[in-house]
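This is the structure I want to talk about, given as structure tokens.
Chain nomenclature is as follows: A, B, C, D, E and F, assigned in order of appearance, with residue numbering initiated at 1 for each chain independently.
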Amino acid sequence: MNEMMSTGIEIMLVGMGTVFLFLAMLIVTVNVMSKIVQHFLSQKINEQSTLVHTIDPSVIAAISTAVHHYRNKDAS
Amino acid sequence: MNEMMSTGIEIMLVGMGTVFLFLAMLIVTVNVMSKIVQHFLSQKINEQSTLVHTIDPSVIAAISTAVHHYRNKDAS
Amino acid sequence: MNEMMSTGIEIMLVGMGTVFLFLAMLIVTVNVMSKIVQHFLSQKINEQSTLVHTIDPSVIAAISTAVHHYRNKDAS
Amino acid sequence: MENIITLWQSTGLYNFSLGQAFMMLIGFLLLFLAIKKGFEPLLLLPIGFGAILSNIPIAGIGDEGGILYYLYTGIKTGVFPLLIFMGVGAMTDFGPMLANPKTLFLGAAAQFGIFATLLGALALNVVPGLDFTLKDAAAIAIIGGADGPTAIYVASKLAPDLLGAIAVAAYSYMALVPLIQPPIMRALTSEDERKIEMTQLRDVSGAEKIIFPLMLLILCALLLPSSAPLVGMFCLGNLMNSCGIVERLSKTAQNELINIVTIFLGLAVGSKLSAEAFLKIETLGILGLGAIAFSIGTACGVIMAKIMNRFSDTPINPLIGAAGVSAVPMAARVANKIGLESNPHNFLLMHAMGPNVAGVIGSAVAAGVLLSLVG
Amino acid sequence: MENIITLWQSTGLYNFSLGQAFMMLIGFLLLFLAIKKGFEPLLLLPIGFGAILSNIPIAGIGDEGGILYYLYTGIKTGVFPLLIFMGVGAMTDFGPMLANPKTLFLGAAAQFGIFATLLGALALNVVPGLDFTLKDAAAIAIIGGADGPTAIYVASKLAPDLLGAIAVAAYSYMALVPLIQPPIMRALTSEDERKIEMTQLRDVSGAEKIIFPLMLLILCALLLPSSAPLVGMFCLGNLMNSCGIVERLSKTAQNELINIVTIFLGLAVGSKLSAEAFLKIETLGILGLGAIAFSIGTACGVIMAKIMNRFSDTPINPLIGAAGVSAVPMAARVANKIGLESNPHNFLLMHAMGPNVAGVIGSAVAAGVLLSLVG
Amino acid sequence: MENIITLWQSTGLYNFSLGQAFMMLIGFLLLFLAIKKGFEPLLLLPIGFGAILSNIPIAGIGDEGGILYYLYTGIKTGVFPLLIFMGVGAMTDFGPMLANPKTLFLGAAAQFGIFATLLGALALNVVPGLDFTLKDAAAIAIIGGADGPTAIYVASKLAPDLLGAIAVAAYSYMALVPLIQPPIMRALTSEDERKIEMTQLRDVSGAEKIIFPLMLLILCALLLPSSAPLVGMFCLGNLMNSCGIVERLSKTAQNELINIVTIFLGLAVGSKLSAEAFLKIETLGILGLGAIAFSIGTACGVIMAKIMNRFSDTPINPLIGAAGVSAVPMAARVANKIGLESNPHNFLLMHAMGPNVAGVIGSAVAAGVLLSLVG
């Protein structure tokens, strides 16, 4: 095997190594990034749903009373 | 005050002067131009309305007679 | 007549000759090409109509019988 | 104070030469013709504006380092006219010509306007002060091709100094076709001839439209390679359109690309309208010769159609011969209009499109001859 | 093994300089401002990306042979900013200004921001480490014009080394106009002044809109040819749009052409954001001076409007004076918004468009003065 | 008479060399493949046409001064392939890959086709008459990347003489993917494996799609700057699209700009199809090696998927490994089609888009390695 071939084999090894290493690191960073982003997004959604939960309970009570009255009236 | 500053002040004066002079002349020319254009346009419109007026009066008479007849017929 | 004029005349003759020759050859090749293309296309259409003809005659017989029956029924 | 003097010495008023002022007026005249008279506005507006810009003193917009100078490299290299030709090719439908190929002869005959003008330019050299070289004469003659990008391409190769005047003349006369052609057409035809109705054109298949540009290119490569840049780019555009599978490219060639190049080409042509180059008797000569070129081309097209009628069974309305000068699609419309005047049921438009596009090929071929014999 | 070492020595990690890393952060900051904060994203996104690309070690994307190097020739020749200016011209409606021409004075007054900044830059030279030449000072001053292509054009001619910082400052402050201007506008006007209702603008005829760009060009050619490239290309675009008969060209200039050039120009400007050029006290000076320029321009516009109110019968709401800095159309919108706060029935938008486009002309004129006195 | 001889000596017939005639036939063959067989027509039509134009004798359309020569500078500088890559980036949706990032490994494995071909090219040197240098071998190997602009970019840097053959091979084999891949895919998988259904991909948020191109760019800058021009322009296009606020620029990059550059690039590549460069045994070698590269890449992708299945809980259908060669989106469609044959309810298209776009990144990385080790 001549010198060029051995250079070629070396390039092959180094090259495939680099490609795999690069894409492996990309997988890692993508996974980390996705988790962070999803964490933030779910936090945001939680905040929004928290906002929903903070509706004054008395309002809910009033509404349910009203609904109750209405139903009774309807039934009578 | 060094020499550069005095050059700077001179540029400032000349510069603002030029800007004002230029835009002032633009105002003058725009006003003149607008007046000329509007004059021509109103002349055109006059000509057109003149054209409208030159419709043969007998035609208008005929039309109004026809309309009159039609209305009477309709009313009867 | 100076030399330049005679060159000009020669260019005119050669030039118009070339233009006519070129476009004449284009006419010939276009005619040949169109004939070949139309021949191929009509062959294709023939093949297609041949395909139409190869519909099983018994099917056609069955259809016409059906149509006949239907008409008689309608008339009665 | 010194600054004010510097500023005053840098005004246009201080530096205007009479020639520049005059050329700016020419520029405004072109804008007027483009905007008010509708003379080929897509080109004459940028050309006129380019003329104005390049004649502003001090600014040097057309000189080395100015934007018009850089844009001009697109003409000097031939790239701009060829790209426009590609776009025009993509917009061209060879259908009517393929349905009636013998109309190609009409497109050939009308090119006599080119070569007659070549002689005319040389003959004009007897006028004192005029001194057209053979190259100049050939560049002027191509105005008779009635095809903008071809004229600009040839002029930029043979006589760049005359480019401005030649381009202006070419586009102006193309816009004037409805005025120049009708009297000639009427003079050379009888009322009966103008009434001739032509047989309905057959439908041309897609296959023929795909093969034609390739065939034209082969013929050009075999016989007249010097016209191959023009014919080749034209055929490329036409093939992109007719093959139907690279619609993205064809649409871009017909729209955004040709629009961008048109703006640049127009401005760059305008930058050649300098006082030194334009304010000469030569320019008057060019304008006169251009009118003659269009007239002779029109006449030859009509006469050719009459000759062909003698030898052919299927009748040809000689009016469509006038469309052979190209000036697409204006000349075809003129033929249609004059035809309708004599016979209100005779629609010649599609019949005239045949010689019309043939004229484009014809003038590209003539350009190749000129470039190879004179260039 | 040798290959692995070669490869390691060719990694960015091995070769990163601190300056490059910092400049890449600046690039990401610009992307953040563009994408998340909506700061002039059409330009700051490509500029930021160009900054990142050109600071990647080894890759040499901004060095000779790299794509950003080639794209930069479009700036060096002035072609890119001028083409963008043409597109902006085609998008500009001079109607409101023509209906009320005296608003041109507001566009003039606001240019004082430019010249005050010029003095400011020279004065800053007392700070040790700062050493602005007259050309540098003029290039920085033009930030006060609040007009991107004008700033890039002038900076590329007078101080290419500062181009990156100047362009970034110009576009950033244009995006910050809704933060910078309102306090100044409120401070300089009384509640009653902000409530002033202006008379309805008259309709402007198409003919006036066609003639105006030509008139502006003539005036520019006569008085200040050094601003003719900028004003000329702007007028060309405006004429293509207002004349209505070259709609294809006008549409292309406003869309595809300006988009393509914007991508290229942004990347090329970004390639000038190198550590050596950007990481200097000068840059801080430029950022500070830019803010001052915008503030002074805004103030002068407002004050000018108040002065004009003393001498004029028809009232002018001084808020529209702030729109004279240009920053089209952001500054006009700001004037409208502040006006509505004081008087919910007072729509100033169209009135503010007059000084707004006048400011574009004003800064192009100022650019011409600077180029002719300092260049 | 002399003129007629001049003209005859200037015909193509007089000057045609056998090589030119043969290359024109190759050009027509490419047009036939593009138009009739639908082989990547957007590129093979301009390439074929460019081959014809540049082999017309005398015309010199591809020589210095000809239009194709000027267009070629866009390749020599790397600008054209990079702009196309930007447009491709703007068209690419990284969603499926972000939903299942481990498919990036499939895109990595398939690049073995590149490096195996590099060795193959060097091994072929035992054939008498073949003499590939290391640069030649690397340029040929990149065909295995199954990505047109990457192949053209690398070939223009490492072996411009082979550019024509390499580009033609790359695009032809991309068009032949539906013929080359299926037998290999079937041979390496069992019916059960082909029936594997994959779990539904999760929705990917817009934020992830914005951050990903920036993250990829950073990683590339840190580790492999030599691939930064390719990866960078790709990421720029992708960011312009995914950020959603510069839609004008993104649309232009995906349409008009990429169309214009595609026409120019195709013609310029075609101009490298000259007899001297193409009619050599080398070309046969390149065509053979290209087929091997695609086959090995396909096989490695499939095998990698099978290996990953051993170590992973969530099943991967090995067919989508074949899409790792890129050849977007053809290879993904092929995987989908073969999958449907075995299991008519199994839609693999979106799953295959992951490795498909990963393959684009993979080959850009491989290109960077080759440029940095061999260039």
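Everything below uses one rule, namely that a contact is a pair of C-beta atoms (placed from the backbone, for glycine too) under 8 Å apart; a residue touches a chain by one contact, two chains touch by 3 or more.
Since the model is a prediction, treat every value here as computed from it, not as a measurement.
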Steps in the shortest chain-to-chain touch route ending at chain F and beginning at chain E: 1
Fewest touching-chain hops separating chain A from chain C: 2
Between the pairs B-E and B-D, the one where more C-beta pairs touch: B-E
Cα superposition angle of chain A on its copy chain B, in degrees to the nearest 5: 115
Centroid spacing, where centroids are CA-atom means, of chain D and chain F in whole angstrom: 41
Between chain D and chain A, distance of the C-alpha-averaged centres to the nearest whole Å: 62
Whole-Å gap separating chain C and chain E, where each centre is the average of the chain's CA atoms: 62
Junction residues of chain A, two or more chains touched: 11, 14, 18
Shared-contact residues (touching 2 or more other chains) in chain F: 3, 7, 220, 223-224, 256, 369, 373
Chains touching one another, given as label pairs in label order: A-E, A-F, B-D, B-E, C-D, C-F, D-E, D-F, E-F
List of chain F residues in touch with chain A within their complex: 98, 101-102, 104-105, 107-109, 111-112, 114-116, 118-119, 122-123, 125, 134, 137-138, 204-205, 207-208, 211-212, 215-216, 219-220, 223-224, 358, 361-362, 365-366, 369-370, 373-374
Of all residues in chain C, those that touch chain D in their complex: 4-5, 7-9, 11-12, 14-16, 18-27, 29-31, 33-34, 37-38, 40-41
Complex contacts: residues of chain D adjacent to chain F: 77-79, 82, 210, 214, 217, 220-226, 228-229, 232-233, 236, 239-240, 243, 245-246, 248-249, 251-253, 256-257, 369, 372-373
Footprint of chain F on chain C - complex, ascending: 10-11, 14, 18
Residues of chain F that touch chain C when the two form their complex: 2-4, 7
